[in-house]
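Please see the structure below; I have some questions.
Letters are used for the chains, namely A, B and C, taken in the order the chains are written, and counting of residues starts over at 1 for each.
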Amino acid sequence: MKSRYSAYPYVIWMVIFTVVPLLLVAAFAITDSSGAYTLENISAVGEYTPVLMRSIWLAAIATVLCLVIAYPLAYILSRKTGSQQRTMLMLVMLPTWMNFLLRTYAWMTLLEKNGIINRLLGFIGLGPFEMINTQGAVVLGMVYDYLPFMILPLYSIMTKIDNSVIEAAQDLGASTPQILRRVLIPLSMPGITTGITMVFVPAVSTFIISRMLGGGGNLLIGDLIELQFLGNAYNPNLGAAIALVLMVLILLCMSITNQFDGEDKEDMII
Amino acid sequence: MKRIFALLLALALAAGLSSAAFALEEEDLDMEYYTRFKGQNISINVYNWGEYISDGSDDSMNVNKEFEELTGIKVNYTNFATNEELYAKLKTGGVSYDVIIPSDYMVARMINEGMLSPINFDNVPNFKHISEEFKYQPYDPENLYSVPYTWGVVGIIYNTTLVDESKDMETWDILWDADYAGEILMFSNPRDAFGIALKKCGYSMNPDSTDQLREATEALKDQKYLVQAYVMDEIFDKMTGGEAAIAPYYAGDAVTMIDDNPDLAFAIPREGTNRFLDAMCIPKEAKNKEAAEMYINFMCEPEVGAANAEYIGYSSPNDAAFELLDEETQESPIIYPSDEVIEKSEFFNELPTEINLAMDKMWTEVLSNDEQYSEWFIPILLVVCIGLSIAINVVRTLRRKRESRNY
Amino acid sequence: MKKTSWYSKAYMSVALGFLYLPILVLIVFSFNESKSRGVFTGFTLDWYVKLFHNEMILSALFNTLVIAAIASVVATVIGTLAAIGINGMKKWAKSLVMNVTYLPIINPEIVTGVSMLLLFVFIRDKFNVDMELGFFTLLLAHITFCTPYVILNVLPKLRQMDKHTFEAAQDLGCSPAQAIWKVVIPEIMPGIMAGFLMAFTYSIDDFIISYFVSGPTSQTLPIAIYSMTRRKVSPQINALSTIIFVVVLLVLLGSNIVEARREKRLNRKEED
């Protein structure tokens, strides 16, 4: 018997529930409300360039911040001994287990004009600052919600880097920046690329964070899609077109980052 | 000692309040009518606005629960935030609701598009309680599809501690006042937002050309710099918590907010405002039409109507329910505004399709408005990405080939 | 490395502070007497009492758990079988299937959600199947996005396994099914368990996809939370957060203790 038969239920399942739906999105994108072929929706996506730019820009900032914050953190974690490492890792991952809506909501209460941070600042005579309903708040929310997605892959790749490698570099006279550039970063590259995609993709397509922390005026690409399907400007054909463009962009970005990886992944074409 | 006294006082007050709240007496109800679906395991899906029913909090009547206990019909109650959301959800399909509560213009649009099912008024005997004034409205001229639920006007709610006393609040211009940059909230649904902008530009709230809409769009874009957030029900927390100074919203909700925070006040712009009427309807896809009619009838029971009106603060079109309200509510100038205000106000009409489409499009434009980027950005980005991807692959294949030759 | 430890400690504390501050605030205000989100006026447990009487939340919790349980079990079965199958595929077929497997993981959730919504509406309209958005569609969607995670957890274990074990079992008289059940499955059990747990947590936590494919009869907890944040906010939401946090904390602590014990036992055995 060939064991590959056991994959057939899955293959059928994925064709029905993943491939066909994406084809439907494509079909909606190139038709109008009566079902006739048109390219109007696809070309209309161009009008929303500012939204797309804003999404990419904010998500990129959030991704870089996540990387900068998570890199040292993952390194410190990976150098701890067994039981300490496990406890620390648990501490870092615990917040992710709470629903991200609740975590985002928590920031609302902190950032508000009469929120806790402004009150505390008020005691020392500062503020109040306008923090909520700004793009800064949206970036903060993204960093907070997706930071663990960056820490985890970095950490798991760094535990594989032996201390002796670093020590050897030190013995050979490398300075700390040199060690970082020549040893640590090249060795942790796969973790970095995985982390970047795991943060960037949800950040660029979010519609909750921008709505809760951005005040609804800082529309992101996710908001735009939601608006066309279940929101205030019903137009599923346009929504599908935007979703299609977003998907193609992300898949392309992914394939580029994967290729920077240097490592050949035998089972991935994209 | 003082504390104990305060506690006793609070308890006494609470007791007094709960006895004043509305209660359903079985003898007032047509039990034969209400119990005929008992034990049949029927459920109905009710889709209503958020904060738009007496839900049992603060000693009010829990209307859905009372209905379930009375009739044995299970109510799956969910909320939408705007008429447009409701429309999108129904249009997208895949769901069937039994009772929905759209506003006037949306009722008209849904009737035009064949989305509603005519109500059998034999099953809604309490329709007789609805005031004649609210029957046979232009949105449903023969009154076949809708039973009025509440009505009200739109006005400006503001925080007296955050707004300069000398400012004239009875005008829509206050929402464009640069002194309050970052302190203004705005509707996050297109119809209400455009209504206000159109009025500010001196037009009717029912635009008859896309040029008028264009002008309103520009006004809304100008306003965007001043707006802290675009909201619907989030307004409750933001206004009562003092997060923002000025916001346009529905009168009934203003009453609720003023109850929670006495610093708030309500003004109705003298240019005229929007008067709305929200009505209960049954969508075409409804699974349990008769149960839905029973629910609508139940909502028109005087006690239930009064409990709802009392809790949500909106004006009731139900005469019998109105009689049950206390005098303070009946005479409230916010809930039941003067004839002068009513005269100057206009209902939203159903708009021609092309204007509706233009409005949706321009609304997205307002929300996404930002620094202008070239429309060519996306195609160029796509091409660059594809090019890069191919280039890397080619380079890699070449290198691999060279390496394998070297070995 | 010792000399660097003080600032690594400081860095860790700042980072942990950043991660925990918002949660701490949520928890503190769940005991707040007034509804205000900024001022603490007095201690109360009212919000917890109200939460336990909130039928919407309770039924949402029930739905969430039932869907997560069924979805993760089904996903584990389909996914494990699929992984075994994929492992035995030719290279081109394998890379094709794996690409489809990566799709739901890489794709933005909103695109997955929208595409599944279109699919369900399409099936309902075109094939006249009486399938409303609700429990069943949620279940299908959850199985779909959970299965790839199971596969990705099981595949590495299969690769580590000696290829000849399966053949050896068959040579010794096992039918292929028996060989899979008795030889392969026990070998890859840790991967299956990891995949199952991942599927379960992803299902419990999912909001975006559920948001598009849920209907009026089946709200899940994240959807209920979302509709709570859009209305007049009640500190019940804080009480809910606190409870979820405590439950997660206990589960993680428990699993950590179990793990630590097992490790100790293994170490002792090795020493013996």
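Just so it is clear, contacts are C-beta pairs under 8 Å (C-beta built on N, C-alpha and C of every residue); 3 or more make two chains touch, one makes a residue touch a chain.
Chains and their UniProt names: A = Spermidine/putrescine transport system permease protein PotB; B = Spermidine/putrescine-binding periplasmic protein; C = Inner membrane ABC transporter permease protein YdcV.
These numbers were taken from a predicted model, which means no experiment stands behind them.
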What kind of graph do the touching chains make: line, ring, star, complete, other? complete
A-B against B-C, pair bridged by the larger set of C-beta contacts: A-B
Taking each chain's mean CA coordinate, chain A and chain C are separated, in whole Å, by 17
So the centre of each chain is just the mean of its C-alpha atoms; given that, what is the distance between chain A and chain B in Å? 33
Rounded Å distance, chain B centre to chain C centre (Cα mean): 35
Do you know which chain A residues sit against two or more other chains? 112, 114, 229-230, 236
Touching two or more other chains, which residues of chain B qualify? 92, 241
Among the residues of chain C, which are close enough to touch at least two other chains? 37-38, 117
Note which residues of chain C are touching chain B in the complex, please. 36-38, 56, 117, 120-121, 124-125, 132-134, 137, 215-217, 219, 227, 230-233
Which residues of chain B touch chain A once you look at their complex with the stated criterion? 82, 84-85, 87-89, 91-92, 182, 188-190, 224, 227-231, 241-243, 360-361, 363-365, 367-379, 381-382, 385-386, 388-389, 392-393, 396
Interfacial residue positions of chain B with respect to chain C in the complex: 43, 45-47, 50-51, 76-79, 81, 92-97, 232-234, 236-237, 241
Complex interface listing, chain C residues touching chain A: 1, 8, 11-12, 15-16, 18-23, 25-26, 29, 37-39, 78-79, 81-89, 91, 93-95, 97-104, 106-112, 114-119, 122, 140-141, 143-144, 147, 151, 166, 176, 180, 201, 205, 207-208, 211-212, 221-222, 225-226, 229, 237, 240-241, 244-245, 248-249, 252-253, 256, 259-260, 263
Per the contact definition, I'd like the list of chain A residues that touch chain C in the complex. 1-11, 13-22, 24-25, 28, 69, 72-73, 76, 79, 82-83, 86-88, 90-92, 94-95, 97-103, 105-110, 112, 114-116, 119, 144, 147, 163, 197, 201-202, 204-205, 207-208, 212, 222, 225-226, 229-230, 236, 239-240, 243, 246-247, 250-251, 254, 266-270
